[in-house]
Amino acid sequence: MLVLDWILIVIAGWLALGVAGIGALRNTAFVARVLFPAGAVLAVALAGFAVAGLLGTPETAVLALGLPDLPFHLRLDGLSAFFLLVIGAIAFGISIFAAGYFRHGEGTPPGLMCLEYHLFLASMALVVLADDAYAFMVMWETMALSSFFLVTANHRVPAIREAGFLYLLIAHIGALGILLCFGVLQANTGDYTFANMRAQSLSPLWASAAFLLATVGFGAKAGILPLHVWLPEAHPAAPSPVSALMSAVMLKTAIYGLLRVSFDLLGAQQWWWGVLLMAVGLATALYGVVFSAVQTDMKRLLAYSSIENIGLLFVGIGLGVLFNAYGMKALSALALTAALYHVLGHAFFKSLLFLATGSVLHATGERSLGKLGGLMRRMPWVAWLSLVGVLASSGLPPFSGFVSEWLLLQSFLFTTGLPDSFLNMLVPVLAAGIALVAALAGYTMVKFFGVIFLGQPREPKLADAHPASPLERAGLVWLGAGCVLLGLFPVQVIGLIDRVTRLLVGGGIADTVRANGWLLLSPSSIDRASYGPLVFLGVVSLAVLLTAVLVRKLYHGRLRRAPAWDCGFPAQTARMQDTAEGFGQPIRQIFEPFFRMRRELPSPFDAKPHYRVTIEDHFWHWLYLPVARLTSLIARGVGRLQQGRIAIYLLYSFVTLMVLLLVVKS
Amino acid sequence: MTSLLSQSINLFAVVLLVLAFAMIAQRRILTLIHLFTLQGAALAAATLIVGYLTGQHHLYFSAALTFVLKVVLIPILLHRVILRLNVRWDVETLFNIPTTMLIGIVLVIFAFNLAAPIAGLSTSIARGTLGIALACVLLSFLMMIVRAKAVPQVIGFLSMENGLFFAATAATSGMPMIVELGIAFDVLVGILILGVFMFQIREQFDSLDIRHLEKLKED
Amino acid sequence: MDPLLFVLAFPLLGGVLLALWGDRERAGDLNAAMSLLTLAASVWLTAIVVRDGPLTAWGEWFFVDPLNVFLVTLTAFVGFTTSLFSRPYMRIERDHGKMTPGRMRLFHSMYQLFNGMMLVALTTNNLGILWVAMEAATLTTVLLVSVYRTPASLEAAWKYFILCGVGIAQALFGTILLYLAAERAIGGGDEALLWTHLAQSKHLLDPEILSLAFVFLLLGYGTKVGLVPVHNWLPDAHAEGPTPISAVLSGLLLNVALYAVLRCKVLADGALANGLPGRMMIGFGLVTVVVAAFFLSRQRDVKRMFAYSSIEHMGLMTFAFGLGGPIANFAGLLHMTVHALVKSAIFFAVGHAAQKAGSQAMEDIRGLLKVSPTVGWGLMLGSLAILGMPPFGVFASEFLILTTAMREAPWATPFLLVALGVAFAAIFGRVQPMVFGETSLRPLAHPPALLPVFVHLGLALMLGLYIPPYLDGWYRQAALMIGG
Amino acid sequence: MSIVGLFAQLLAIALALALAPLLTGWVNQWRAWLQGRRAPGLLQPYRVLHKLFNKESVVAEHATPIFRVAPYIMFGCMALACGIAPTLSTDLPLAPAADAIALVGLFALARVFISLAAMDIGTSFGTLGARREMLIGFLAEPALLMVLFSASLITQSTSLAMIVETLAHQPFAIYPSLAVAGVAFTMVSLAENARVPVDNPATHLELTMIHEALILEYSGRHLALVEWAASLKLFAYSCIGLALFVPWGVAEAGTPIAILFAIPMLVVKLAVGGVLLALIETINAKMRLFRVPEFLATAFLLAVIALLVHVLLGA
C-alpha cells in the first residue's frame, strides 16, 4: 500500500471526525475529549507518513472527483511531503491543545467548530497534495472558507465579522490571481494537470506574467506588503488554536504554492524575479517587525511578527531564485534550505506562542498587554514554554530561529559571486536589513514575554489567573520540544530538507553538511563557516554549572528575600512599570515615518490624566480607502444608468441598436 | 395590371412611412389613434395585394386578421380607454417636435442604406419595401422614446408591430401561417393586458402620465 | 406515446385547471403535482433522448437535441421545486393579506402557463414559434409581477412589459430577416424557419442579411437575457414580483432567452465565418459583468441585489459563449445549470428571510442564524456558491471560463478580475451581517419549505465535485453543437 | 583538534577570566589620570568582586527564577565569547562551534536574559533599563554583524579564527573597508560596553543610566557575576577588535611556545587599547539618551558603507 494511500486515509479520518462533530453538535465534552484527541493522533500519523514520503519516491493518485476530463490528481513528492510534515507535526500539538481549550459559549457550537477545524486541516493537506490546477483551487478555497468560518466563530461581535470579511475578500482576490496564473500556465492546452504545465515552455513574457500573478495570489494569502492588512485583523479575531493554525501552517501553504509554481511549474527563472521577491520580502519583514514592536494587543503583536517572518521567507526564496536563475544550484539550495528551515521553525514557535496567548486569554480574559504582567508565577508552564518560543523567534542560539537566520546570512555571504556586477554589489547590503529585522524581533519578543509574564500584575484580577489545563500544557510541550530539537540537530533536519531542494533546484547541501560531521553545521567547509549548536549549548551550560558550583563551594550561598529596592524609592506600584506603549516608545520615535500615529497627551492640569496613542497602517490610507472610494465613485456613476425613466431605457436600447447596426455595416 | 399593383405596394409602403412621420408629429391622442387606424388599413391592403400577386392565399387570411385587429379591435379599445380615462392630450415630449422630425429623417436615410444591399437580394416582388419597413420600425421606436404618456407609447409600440408585419409580408412575402397566427395572438393578448394595465395604473396613480412610473431607480 | 406531448401538455392543462380552482386551499398542491408530472414526463423524454439520440416530432416542428434536452429537464426540475417552495410561501403571503383568492388563481394558472411556454420555446424547432413562445412567456409573467398591485409592482410590470415588448419586437424583425435569408437559401415555406434545416444549410445563408439579423436577434433576446444596457427591466421585475416568480425568472427565463441567442449564434457563425457574433457576445458579456458588479455594490434591497447578480452571471455566460471553443461552451452550459439551481435556491431563502423581517431592505434582515439556522445557512451557502466559492459548481465553470479567457482574451481578464472582486465584496459584505450577528426577526406562521434550497445547493455542490457521465455527455455534444 | 589546541583553548579562557577585571581596572586608572583624579589601584576590580561574593545577595520577594539564573547565563555566554575569540591562538577547538554570526547571537542571548531579569522585578527603573538596553542592542547588533561581514567578505570566511589567520598572513595592505569598519566597531563596542559617550559606568544618575538601571536590583554574588561578565564582555570586544584590525602576533602554528609568546603580545595590545578607550571616554561627553539611536545608526551606516566599499573596491 502506498504512502499516499495512508495519507488519504488520514485525511478521510479527519473528515469523518468533522462529520461526527456535526453528530454531536452541542456535546462539548465528547467533541473536546474524543474528537480532537483523535484528530491529534491522525495528525501525528500524517507527520510520520510525510517523513516516509519525504524519504521515498514520488507517488501519484487520481480521485474520481472533479471535472470530467480533470479528475483530482494527487501527487506526493518531496515538496508536498515536507509541507505535510509541517501540517501534521503542528496540527498534533494544536489539536491536543484545542482539546483542552474549547469551552462552552464560544459562539459557534463545538460540533460545528470541530467540523470546520478538521475540514481546514484536510483541505490544507490536500492543497499540498494537489497535482492539477482544479483540485488545487478547490482545496485552496475550501481552506480559505473553512478558516473564515473558524475566524468568525464568535460572530456576535461586529469587529470579528469585519475581520472575517476582510480576510475572505483578500483571500478570494488572491485566489483569482492564482486562477489566472494557472490560466497562463496551461498555455491554452485545456489540460490543467501540473504535469502538462511542467511540459509547457512559456515565452519569457508569459512566464513573467504567470510569476507575477502567482506572487500576488500567494502573497495575498501569505500577507506580504501591501496585502497584509487582513492578517493583524483576522488572527486576533480567531480563537487561539485557529490563529495558531493559520499563522503556523496556513501561511506556509502560500509559501508552498509559490515554490511549486516558481520552481517546479515554471521551468526557467529570470533573475529579476528573485530581486523582486527579495525586495518585497525585506520590506514586508521590516514593516512587520516594526509594527509588531509597537502593538499593545498580544495577538496582534504575534500576527505582525508572522508578517515579518513571511517576509524573511520571501527573502530566502528570492535569493534561491536569484542563484537558480544564474545556474548556481548549490547556493540556490543553500538559500532554499534556509527558507524551508525557517518554515519549519516558524511553524513551531509561532504556534507555540499563539497557543500560549490562548491560555493567558482563558486564564485572565485579557488580550491587552497593558493589563497583564507577572503571570510567570501564576502559570509557570505556559511561561517557561513560551520563553522557549520567544528565544526561538528572536533568533537566538541555540534555538531553531537562529539556525535558519544563520543559514540565510551565510547564503548572503555568497552573493558577491553573482555574475551581475550590479547585483553582487547590491544584494549583500540587503543582509544588513536582515540583521536589523532579526535584532528588532529580539526587541519585540522581550517586550512580549517581559510584559506578559514578568514584573508585577498590572491588574488585581490577575491574582486569580488559573494555570493551563494538562492537555493545553501537553500541546505546548510538544511544540516547545520542536523548537529546541530543531535548534540542536540542524544537520539531521537538513538531511530531510535536502530532498526538497534536490526536487526544486536539483542540488542540495546535505552531503557537504554530513561530510563535516553530525556535530557541526557547515554548509561549505569548516574553514569557511560552521556552527555547532550542541557544543555551543554544552559549553554555555557547562560554564553556568561550573560557576554556580564554584560560587557555592568558595563562598556561602546566603540569600535574603526583601522588597524590591528600586533606588530606595518608597512607594512603588505595579503601574510604575513600563507599559507596552512605553516599551514601544523608542521604536515609535525611530521609525516614525512607518506609522500614522495619533497621540492624546494629557495637559499638566489634567485632574484625570489620560494618555492614548493609536497606531495606524499607512496602507489603509494610501491603498485600501482610496480603492474603496474609487469603487463607490464608479458605482455612483453607474447608478446614473438606472434613472427610472422608461423613455431613457428605450433610448439605451435604441442607441445600442444603432451602434451595432453601424458596426456590422462597416 | 400586375405591374400597377406591384407599384401600388410601394405606394402603400410610402403611405405607411408618411403616417409614421405624422404620428411622431401628432400631439392629439385621438388623432394618433386615427392615424394608427389608417396605418393598419394600409398594411392590410398591402398584405392583400402581396397575397394576390404572389398567390400565397394564407396572406388573405393574415390581411383579414390585420384588418380585424389593427383597424377594428384595437382602435375601438383605445378609444374606450381614452374616453374612460379622458386622456386627450399628450404633454410635451422629450425633445420638441422639429428635432424629433429631423432625427426621424436621419433614421429613414440610415434605414434605407442599411437595407439597400439586402433589398437587392430580396426575391419578393417588392424589393425596396424592406428599407421602408425598417424605417417604420425605427420611427415608431423613436416615438415610443419621446412620448411621455402611456397611451401614445402603446400606440408607438403597436405601429412598430405594423412595421414588422409589413416587413414580414411585403419583404418576405409572408411568414409561415402558424407563425403569423402566433404573432397575431400574442399581439392580441398583449393589447388586452395593456388595457388591464391602463386601468390598474389609472386606479393607482389616477393619471396615465408615465412620469409616475419613475420611482424605481438607483438613488 | 410521445413524452414530448406530455411535457408540453401537462403545464398547459395545469394552467387551465388552476385557472378554475387556483384559489382553493389545496391549489398549491395541485400546482406542485402538475409540475411534478411535467418533471416526470421530461425525465422520461430525457431517458429516451439519452437512449436513442436526438428526436424530432410532428413534422419537425418540435425537436429535442442534447442542447435543449438538459435545459428542458432543468426547467421542469426548477419549476417543480419552485412550486414546492411557493406552497408555504404564497400561503404566508395570503395570510399577510397580500394575496386575494383571485390573485391566487391568477398566480397558479399563470405559473403553469409560464412553465409551459418556456418548455415550448425550448423544444420548438421553428424560430418563429420560438419567438411566439418567448413573447407568451413574457406576457404570462407580466401580470404576475404586478400581482401585488402596489405602485412599485405596477411600475415594474409596466417597464417589464414595454421594454421586453420592444426587445422582442426587435427579435421578430431579426427573425423576419432570417426568414428572408432562408427564403433565398432553401426556398420559402414552412421549412424555411426550421432550425434543423437552417443549421444544415447555414453556409448558404447570405452574410449581409445574417449580420443584420443577428444584431436584431441578439439585442432582442438579449433584452430578456438582461444584457447591459438593455437590462433595466430586470432588477425592478425581480424585486417587486412574488419571490417564486423572481426565482423562475432568474433561474429559467433568462436561460431560455440565452438559449434562443445561442441558436441564432450558431446560424450567424455558420453564415458569417468572421467570428463577429462571438466578438459581439464577448463585448456584451464583459460590459454586463462589469456594470452589474458595480451596481451590486450599491444595493439595499436584497432581491434587487440578487437580480443584479443574475445579470452579472448572464453576462459571464454570454462572455463564455462568445469565447466559443469546446471548453468555454462547456463552461457556459455548466454555468447555466448551476446558476439556475443556486440562484433559485438563494431566492427561496431570501423570500423566507424577507417574510421574517417583513421587509426586503437588507438592514432590516439581521442574524438569521439565530432565529432560523436553516434559512441562514441556506442564504450563506447559496451566496458563497453564487460568488464562485468551491466546491460549488459555479466555481467549476468560472474556473474554466477565466483560465480560457486568460489565453483567448487576456485583455478581458483584468476587467473580469475587478468585476468578480467587487461583486464578492458587495454581496458577501451584505449577506454576512444578514446571516451572522444578533437579530430581531420573528418566526413564521407556516413552516418554510427549505428542502428545495438544500436540494439545489446539494446538486450545485455535486456538479462542483463530480459531473455524472451522461450529463457530461450532453454538455459535450451541446458544446460541439454550439461550435464556435 | 590537537592537545595543544585544547591547551590553548583552556589557556585563552583562563587568561580571559583572569585578565578581564584587570583590563577594567587599567582603563579606570587611566581615565582617572587623564581626568586628573587620583586613581584607584589596578586591582580594585578584584577587590570589589571578592567583596561582593562575600556579601549575602538580596533578592526581591516576587522575583522569579529567571532573575537568579540570568547572571550565570550572562557569565557563561561571555566565557564562551572569550573562548572563541582568537586571542592567543587560531587553533581553537571551540572556534568551529560558533562563528562570527553565532558570536553576535551569543551577545544577544546574554542581553535578552539580563533584560528579562531586569523586567522581572517590575520596578520602574528595571523596566526602563531593560528597554534602553534592548534599544541599544537592536541598533548595535546589526552594526556589529555588518562589521564582521565585511571582514568575512575579505577573508571568505565567518570563522573568527580563519579571519584572523587570513588577515595576519596577507602581506600588509591597506583595507579602506576595514578602516571604516574599524570606526564602526569602535562605536558599537563603546555602546555595548556601556561606555561614555553612550553610558557612564560610573554614574548612578537614574535618568541617564542604562547598564546600572538594568542591574539595579542585583546584589551579592549575582552582582559580582554580572560585573565580572561585563568586564569579560569588554575583554572579548577588545580581543575581537584587536583580532580583526591588528591581527599580528596571534599564534597560528599551534606550538605551546608560540602561544606563550603570544601572551605578552596580547597584553601589550590590550594595554594600548585600554589607554585609547580611556582617552576616548575622557575627551567625549556623555550624550543625551535620545542621541544614542543616531549615534548607533551612524555606526550601522558606517558598517554598511564598509561593506559597500569592500564590494566596490574589492578591498
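Each chain gets a letter, A, B, C and D, in the order it is written, and its residues are counted from 1.
Here is the rule we use: a residue touches a chain if its C-beta (ideal position, glycine included) is under 8 Å from a C-beta of that chain, and two chains touch if they have at least 3 such contacts.
Keep in mind that this is a model prediction, so the values were computed, not measured.
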(message) Just to be sure I understand the contacts, which chains border both chain C and chain A?
(response) B
(request) If you tally contacting C-beta pairs, which comes out ahead, A-D or A-B? Let me know. (result) A-D
(request) Would you identify the chain whose Cα-based centre sits farthest away from the centre of chain A? (result) B
(message) What's the distance between the Cα centroids of chain A and chain B, rounded to whole Å?
(response) 70
(message) Need the CA-centroid distance for the pair chain A / chain D, whole Å please.
(response) 36
(request) Please compute the C-alpha centroid of chain B, do the same for chain D, then give the distance between them in whole Å. (result) 101
(request) List the centre-to-centre spacing of chain C and chain D in whole Å, with centres computed as mean CA coordinates. (result) 79
(request) For chain B, write out the residues touching at least two other chains, lowest number first. (result) 114, 141, 144, 153, 210, 213-216, 218
(request) Send over the residues of chain A in touch with two or more other chains. (result) 638-639, 641-642, 646, 650, 657, 661
(request) Check each residue of chain C and list the ones that touch at least two other chains. (result) 158-159, 162, 166, 212, 295, 298
(message) Judged by the touch rule stated earlier, which pairs of chains are there in contact?
(response) A-B, A-C, A-D, B-C
(message) Applying the document's contact rule, which stretches of chain A touch chain C when the two form their complex?
(response) 64-68, 133-134, 137-138, 141-142, 145, 152, 155-156, 158, 161, 164-165, 168-169, 172-173, 176-177, 179-180, 182-184, 186-188, 190, 192, 631-632, 634-636, 638-639, 641-642, 646, 649-650, 652-653, 656-657, 660-661, 663-664
(message) Using the touch definition from the top, list the residues of chain B that touch chain A in their complex.
(response) 94, 110, 114, 138, 141-142, 144-148, 153, 210, 213-219
(request) Would you tell me which residues of chain B are touching chain C in their complex? (result) 114, 117-118, 121-123, 130, 134, 137, 141, 144, 150, 153, 157, 160-161, 164, 167-168, 171-179, 182-183, 185-186, 189-190, 193-194, 196-197, 200-201, 204-205, 210, 212-216, 218
(request) Show which residues of chain C lie in contact with chain B when the two form their complex. (result) 126, 128-129, 131-132, 135-136, 139, 142-143, 146, 149, 151-152, 154-159, 161-162, 165-166, 169, 172-173, 176-177, 179-180, 183-184, 188-190, 192-193, 206, 208-209, 212, 236, 239-240, 295, 298
(request) Would you pull the chain A residues touching chain D in the complex into a rising list? (result) 373-374, 376-377, 383, 387, 391, 394-397, 402, 405-406, 409-410, 413, 416, 424-425, 428-429, 431-432, 435-436, 438-440, 442-443, 445-447, 449-451, 454-456, 520, 522, 526-532, 535-536, 539-544, 547-548, 551, 554-556, 558-567, 569, 572, 574, 576-578, 582-583, 585-586, 589-590
